[in-house]
């Protein structure tokens, strides 16, 4: 048997996962949500309803082939209008990799994502530090915790002007930072950020690939993302 | 039918590793005397109908909201001669 | 110092998936009347010294051997006004 | 300008036709006329010429490939064999797996990125066409000398292309090979393999049956890609007021292919598809003639309905176009609307272009006129068959006599150490992580093992832990010394790699890369390799389920090394039992399974230290390989070994160094009695694996090996942070790592 860790809590929490054309990690993300103990609700980019989910994940992949700019075309899909409205009203939204790129393109998070400074796709097991445990998606981590999460992308270089970067730092909105190796030239080693309210989080590495001991990176350091949101919603 | 060209370049303060990679390769290829290289995108749009001010304004909007990400990029719009 | 611009576009007969994806997104964004989009690359080279015929010939060669892949791409070289 | 209709062709029997320019031989053209009872139309000539090409008809290789069927071992696992887009094997619990390897060699030399990318695209479509969801890819690659300037153009482009396409499709890349040898300088080999998983009831075949069923073309629009030859025809039939240039290079659109995967699988799930075929080489000519000839009736196609990217294409060009990312499905009329709706959901263009008829003709219309009227079997299956002359090359004896055993060997521990470092850092033996880190190996969330493990492993069923493993191998140096045994060594290694992870080898696919079949020496190599492979498959009990032949890999008169690349697929009941490469536990005992002989012909040592190729390759003992595999599988199932690594290029020291680095643990080795340190470290005798055994399992493990007659020699222990060969030398792990990593990056970056 290869069952993952026992779910943190069985709950009625419903977490939506949006599939855009070219999304790749949508099914894995649904699996991670189920392993964490919540119900995963598939959402389709052309739909106009969020089906009353309690939270939304924008998964990784190459939506629209990453043509034009990563996330640039998906950001205009019909469902994204609902996600944007929801996020502004406090709906928890997590953007992983391509999802993070969609969030910056939609201006739900500041800054932008550019091609890796070494110009190659990179796939590696990446060490990170959790800098902010107050967001909707990070409550199950300990502040300063060092974790390993797989990273795989072509356009993972986070950039913003220095005023924005200073603001992010000052407000504690850098949620994750790369440790040991900066894999893509992200400014200030930023791996993930949150919005001011803490309900919208974006990060480049893929926690959904670190939820079972046997597959992916062989670690379960990513599971707390999904248990965090369940606890948050259950206690809300 | 006319062609409108939208050029999109990274803002000067943003690191452009592609341009740098080109520049670094130049000496190896025997090219001297090029002090900087930046690489951007060029979009050629074939526009049905006349490219009047209204059309240009719309293309400008398209560039601003879609073809370029103005957080990191600048753009220019220009009309090319009829083909 | 002068700027030379090299534009590199896929040859017309070559499939341009990026341009197509952009074009197909336009109606969704409310833009009609653009019948074709092609996406290419724009290189801005800052040249030390005068851009005389010899310099241009060398940049042409650079474009042909390095900046463009002439199996699938065409390119143009032009000098921009001094900045 | 007049259309060359069937009627026109009948009325003008004496029209000159450019059959030679299209690659047909005079007798082949005569045969076409005989089959039709008239001259072919331009469109028919286009179809026959591409379908009867070497690439599509296998005319030089067919007589040899037959052995894979004739000698096929009895196997209950085989569900679909050679002849379909890809073979299918039963892996238990109602699951079936399809896999295949193909080549995209020449296009990848011309345009590395796009050539490699479209190679991945092509093999993945073969997998979808069987009804399966693609779950992984592998990429066996061969390049010219690592330090040759052109390798810096080709390798990064190929790697970026394979990654760019595969990553974008969401297919984990779980294995492959990278080999440098100057024989591949002008002929790099870009082979790509893919695996797909489905339930038994979802297997689909390429056949058009059921009169009245509709033929739907879906995916990308058709452009002028890859139709150099057809343009000759077009200029004959049409005036020249059209773009004369047709692209020689095809550009891939992985996003389009991802949509194709999803919409095809959705159509399968709703049972909407009667038959299906991907469009690859020979495009619509191939898809229509194969679908029709494998079905029960005929087919009528209206070419005007094919969506075009370039409106100036002639009907001949449309038939021959090799535009990527297209598929053809046969659908019952009442299900057409639903099929089209699914395509629309995924923004995929889909068009009904024809229907199945009750005759036995393939008829194609253009502007209302009939331009093709053929028996599809004559196009798809009745191509020419050649028995090409073959002759053992006259240099073969001299090559084999040039024994590597005579080469000077290291005399001291210091020299040994130096040569170990030279091997570990040589491009062929160095870490390939600069390449493999450009491939996503996590996507889909089912990757149990990926590079640099011996085999890639994918979980198939989350509940039971059922999984499949795949390894690809080939050694052109061995095959050059002896193509019969070289091919067997490739198979033995892939088979051993799969078993080393704990999976049971089930079936084989291959990609046979050779020089020109018109050279009798090459043809001999080819025939010998196939004979060797077929014989070995019989003994190992692993049938060949499909594969690909790539000929004409040569520059002028100089052919590449004969390079049969073999993929072995295996199954494991529970992936939790897999055996990784990494030495993980201090104190565990290292055992060497198998026998070590003085075998250096074609070895990495002879190449790196002496730049030498000569002698005989290592001896092959397939019964022993079988026994070794059985022991490895039992040991994995019963938890007797914690790590295992197959010994191949570079011998024992290479394998131990890799296992140390992977687990970040040192090892202390003792040269066993009866062996000298040099042979112990560098010999490439086949049939060997090093395993790491927990002390608590030692007795049980050695008893099992002893009882079954497999030599197992204790050679050391996992210990410390150095690689030590007692009495010879010690290398810190840092030194080992520095030697092993960084070579490729330094050459390519």
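Some points to look at:
Chains here go by letter, A, B, C and D, matching the order in which they are written, and residues are numbered from 1 within each.
The rule we apply is simple: contacts are C-beta pairs under 8 Å (C-beta built on N, C-alpha and C of every residue); 3 or more make two chains touch, one makes a residue touch a chain.
On a predicted model such as this, the values are computed, not experimentally measured, just so you know.
Contact tally for A-D versus A-C: the pair with more C-beta pairs in contact is A-D. Taking the mean of the C-alpha atoms as each chain's centre, subunit A and subunit C sit 35 Å apart. Here the spacing of subunit B and subunit D, counted between their Cα centres, is 41 Å. Computed centre separation for the pair subunit B/subunit C is 8 angstrom, with centres defined by C-alpha atoms. Each of residues 64-65, 67-68, 76 in subunit A touches at least two other chains. In subunit C, the residues that touch at least two other chains are 17, 21-22, 25, 29, 39.
Residue positions of subunit D touching 2 or more other chains: 253, 255-256, 347. Viewed as a contact network, the protein chains fit none of the simple shapes, being neither a path, a ring, a star nor fully connected.
For subunit D in complex with subunit C, the touching residues are 110-111, 114, 220, 223-225, 243, 245-253, 255-256, 309-310, 323-324, 347. Residues 1, 7-9, 19, 22, 25-26, 29, 31, 33-49, 55, 58, 62, 65-67 of subunit B are the ones that touch subunit C when the two sit in their complex.
By the touch criterion given at the top, residues 64-65, 67-68, 73, 76-77 of subunit A touch subunit C in their complex.
The touching residues of subunit B, when paired with subunit A in their complex, are 10, 13-15, 17-18, 21, 66-67, 69, 71-72.
Across the interface of their complex, subunit B is touched by residues 68-69, 72, 76, 104-105, 110-112, 114-119, 159-161, 185 of subunit A.
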